[in-house]
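You will see chain A twice below: alongside chain B first, and alongside chain C after that.
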Partner chain A sequence: MAEIRIQSLTKEFAGGVVAVKDLELEVPHGSFVALLGPSGCGKTTTMNMISGLERPTAGEIYFDGRPITRVAPGKRNVGFVFQNYAIFTHMTVYGNLAFGLKVRKDGRSKAERDAEVRRVAEIVGLSGSLERKAGVLSVNDMQKVALGRSMIVQPAIFLLDEPFSNLDAAFRAYMRTELKRIQHEMGQTMVYVTHDQVEAMSMADRIAVMNLGELQQYGSPDDVYNRPRNRFVAGFVGSTRMNFLPASLAPALAPEGRADKLTLGVRPEAIEIVAPGDARSTLDARVTLVEPLGAKDVVHLEVGGHDARVVGAPGRRPHVGDSVGLSFDPSRVHLFNDETDLAV
Partner chain B sequence: MSDRLGWLRGIGKALIVTVVGVVFLFPLYWIVTMAFKPQEEWQPIDGVHWVPDDWTLENFKKIFGRATDTGFFEAAPTDATNAIVNSIVAATGGTILAMLVGTLTAYGIARYKAGGGFLPFQILQLRMFPPVAIVIPLLIMYAYLELVDTYWGLILIYGAVTFPFVVWLMRSFFQEVPREIAEAAIVDGCSQWGALFKAVLPQVRGGLAATALFVFILNWSDFLLALVLTSEQVETAPVFLNGLQSAGAGQEYGPQAALGLVLIIPPAILGLAIQRYLVRGLTFGAVKR
Partner chain C sequence: MAGIRLDNVTKRFGSVTALDRISVEIEDGEFFAVLGHPGAGKTTMLRTIVGLETPDEGDVYAAGERITDVYPGDRDIAIMFQNLALYPDKSVYNNLAFPLKQAKVPKQQIEQRVAEVARVLRIEPLLKRKPAKLSGGERQRVALGRAMVRDPRALLLDEPLSALDALLRLEMRAELKRLQRELGRTVVYVTHDQVEAMSMADRIAVLREGVLQQVDQPENIYHRPANRFVATVVGSPPMNFLHAEGAWSGGTLELRHPLFTVTTAEAASESLRGRLAEGQECLVGVRPEDVHVTSAPGIPATVYVTEPLGGETVVDLDLGGRLVKALVDPTLKLQENEAVQLALDGQRLHVFDAEGVGLLSAAGEPLFTVSAS
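Then we have the complex of A and B:
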């Protein structure tokens, strides 16, 4: 168990590509932190630097206050689960699980090791296939092996790089729950890389949203969702994209001499569709598409030349072409400065 | 009508396969039968003997120095045992050397782009001129280094000559292994060497086996280098085979065929021993997935 502190971490690759820029991050002891961002945002590079597979250009990483930037990966006591499993297909499941214990030579006896392998196999649900060759396992079981192999060395820090993205949907949901349970029970510090905001929201205690190598926001899922710090975070987090509409402050509200261009952001689920003439209606719109999803409907609208989406409970389902009014809760509206993209 | 056409096409295919098969298998057939023919048949005056009329082991006895009937024209009996042992030592040594150095080089190139993008081609360039072009300068160098007619001399040159093949073959095998395999081992506590030997090399066992067999066959069948760089101490089997001639009979085809047959055995045994890796090894690495 450990805490991680990352200080002004920068990674520049040969050719001048800056993958990570001046990153500051603290992962508290026993917490589950998700690094969230689109591909190429530097999340995997950050992960590789934490594990030691990549050496930072500048900056320092501390585990429990101890600088480890120049410590070899194998000596950092981290567990790493890769997106493509990276299991050793020439070994049995047992051999894979026992690998970390063997190479670390921590003075454990063979019997102790054996007991440990069996205990971890139990946790990840592989007790029945210990003697099978790892190369013939299903994708799902391979990922279990990868998880178990990293877990068995009881790493201080557990790093997972999009571990579930190759799994089928049902098993992914199951593994998410399992992982969260394991993390909770063991009080394990975990850093989880993902580009899937649902995954980040559902599992993490804190989310670090990254884009173009820079940290955009670091906070609880609630913070990131309800109080996005800038337009990127607002647009990236949320299963149906936030609506952005151009706006300007009424002259009466604007400070003297300032007429900043603004963008209004409203989550699709914060908008209510009302009758066109309704007193609560603040905007007129026209329905362009309706996507029924069962538990909810996604209604696509056209608002003064801009596209917008509304998510609501099914029921009074409007028809394509209908004119409707939109009402939204002013407390759930976000405003972004067009010049800085920051929330105001 | 289409049925008939299909039938004809089938016959055509079978015919082509048969012709190709005969072209490739006939030399083997000829060696096998020749090895068991008495001199009157491998050097006949009465036309071609397609099948030995009089099967005999005389040719084998002769190359192993146990000839009972040393005819009027024949040279003194000789013994190929030494030459075969020399060949085994030199070819095996050269293969081990090339595999050792070449595999490590290939890993460096495949994983860390060691030496820059042009290095693999520079290595391949070593193969882009005929060996005969370097063999005389090499002999002079070897003479200075006192490596002529020594095991070390042959092993060194065999290793050097086949090294580019090992690099190129193993490089493509290594490229098939996801880099995370090594990274996972390193995070688990392995050193770079440990990761290579415990995690990566076992993944390319098939490639290693196929490459080693290929290189061994190259070394095993070398004639030119051995002819120039050895004389009597470490004369290899192909050179010995070439020496099977006599004033009376000229080329001694019978004993040569017998020795040729014996020389097929070591690569064949090797091939059988690693067969289960071969099929995968020969295709694995060839296709980028």
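Then we have the complex of A and C:
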């Protein structure tokens, strides 16, 4: 168990590129924190400074109150899993899992080590493959080996950098579930780097959304989704992008007299399509495309010269070219200042 | 413009059969998606249509004419590959004009044609730029433009959106569908992404290890999957499967799971007669959006993990030792290990035999009712 505190952390690379700028972050004991952002946002650099692969230009990182930026990576008691699984392909799965325990030389007996290997193999779902050579496994199973190998040494802090991005979608969904459960059962502090908002939302206790080296928001999945601090967070989180429309299209939804300086943000599932003259309708729109996805439909609309999307359960399906009304739930409308992009 | 037909096409690479007796008819002007996992034979199918591969058996037809032995350049079918190969030292204009120059089209016609394609793709302001100065989405459009510029009778696209980030993919999806409508051209679209296939295609062909599983409209692929594989390949999270056993009493069939019983309506029993015997094992398929957490007494389960996605929450439930996923409203707050009651929507159930062959899908009809045992 360990808590991580990051203070005024900055990383500037040669050539003046500031990858991480003045980052403040606290990762409590036993929590699952996701560093989320597009490529180049500084999430991996942050991770590398936590693990010791990069040294910060300024600032400090504390593990349980102890500064660690001058501690060698191998002495930080952190475990890693990378995107490209680092495993010994010539060894068996058993050998791979046991390796970390052997090099640790913590005085455990062979029988104890054996029990531990089998327990971890069970958790990651490799019990049936212990005697197989790691090199002949499927990509999915290789990543399970990598995960198991890092877990088995029970590091105080577990760091994962896009560990599932090379895996197929079905397996990714499976591992998401398993990893969250494993983390809850083992109670380790986990920091998870990803560009995939679904992974961050579904697994993390708290999400640090980063962009261009700066922390945009740090909060629970509920916070970043329902109370985004700025337009970047609002647009980045959510599988069908939030709609952004000039508030002047619907001045009634903006504070008096400020509609021309604000942007409305409404999630696609917070809009209801109604008849054009309906009393609930705040905006008129025209249907430009209907995408049936099975469980739900995505309806694309043209609203006063802007594109918008509505996601809903398939019901009465509008047709391309239909004129419709849009009804907003005012409690689910966000407003952003056009100058600062901050939520109002 | 032309429809495309594959007639019993087989293609082998050494001991691997990449395409196994594929027969499919793609209609003129249709947006046709080929969906499958990596290695399913999707790209081989495209390459066979365009003429980069010659089938070992069977024939390829375009507009009713056999083109199996026609040279690729003479097929009048364009292909756009996953890796956009734009000429880095040529401007967008010259990238678009190149295929026409090669074909010795008069200069004035080239200008007209490039202008036309640029207008449709909304890249007119970019014509003077070099590819390196374009965003991912813009490069995508230019590559598409280059495939379109000779006005081929069919356009084959191999995972065209896979290199784009999620938000751009979403926009390009809508854009491609609009384009195809506008041009009225036959499009064959290869993808491993079920959302792309579902959202854009008029019909989807699901391919697995070289074998065609089902060719159908998206709605039918989703609501009436031919087998377990198809049922799993569309929908996110994928369909849940629970083992049950057939039990006949008189003319009515029941599907018995240790924790619940599916009673089948007369029409459903009739349809399953002779296909599911007394005591025979079967699979009950139910999509996550059709699993409901209820306050009424239902099927007992415990919460394994909850995965909030913002607009909805995926709940993993332990149902008699098997994990089942449900999609629930995000306002429903559930704790790990909490005991809950479930209801399964009988009008959305699917029944498969033990091998995964689809026997019957309710697809909105009141064919099944589910009650806790």
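The criterion applied here is as follows: the second predicted complex is superposed on the first by the 328 of 344 C-alpha atoms of A that agree within 3 Å, B and C clash if a C-alpha of one lies under 4 Å from a C-alpha of the other, contacts with A are read in each partner's own complex, and residues count from 1 in each chain.
In the analysis below, a contact is a pair of C-beta atoms (placed from the backbone, for glycine too) under 8 Å apart; a residue touches a chain by one contact, two chains touch by 3 or more.
Not measured: the values here are computed from a predicted model.
Considered on the superposed chain A, chain B and chain C are sterically compatible, since they fit side by side. Contacts of A:A111 after superposition: neither chain B nor chain C is touched.
Once chain A of one complex is fitted onto chain A of the other, the partner contacts of A:V78 are limited to chain B, with no touch recorded for chain C.
Judged by the touch definition given at the top, the superposed model places A:V198 against chain C, while chain B stays out of reach. Once the two complexes are laid over each other on the shared chain, residue contacts for A:R176 go to chain C alone; chain B is not touched.
Using CA centres, the angle subtended at chain A by chain B and chain C is 80 degrees, rounded to a multiple of 10.
Once the two complexes are overlaid on the shared chain, A:T89 sits against chain B while remaining clear of chain C.
Put simply, more of the residues of chain A are touched by C, taking chain B and chain C as the two choices.
Remark: least CA distance from chain B to chain C after fitting both complexes onto chain A is 15 Å. For the contact definition in use here, the chain B contact set and the chain C contact set of chain A share no residue. Listing the residues of chain C that touch chain A in their complex gives 37-38, 165-167, 170, 173-174, 177-178, 195, 198-200, 218-219, 222-223, 232, 234-238, 287-289, 304-305, 307-312, 314, 316, 323, 327, 336. Across the complex, chain A meets chain B through its residues 51-53, 72-75, 78-80, 82-91, 99-100, 103-104, 146, 149-150, 153. Of all residues in chain A, those touching chain C in their complex are 38, 168-170, 173, 176-177, 180-181, 184, 195-198, 201-203, 221-222, 225-226, 235, 237-241, 267-269, 288-289, 291-295, 298, 300, 311.
Residues 178, 180-181, 183-191, 194, 198-199, 202-203, 205 of chain B touch chain A in their complex.
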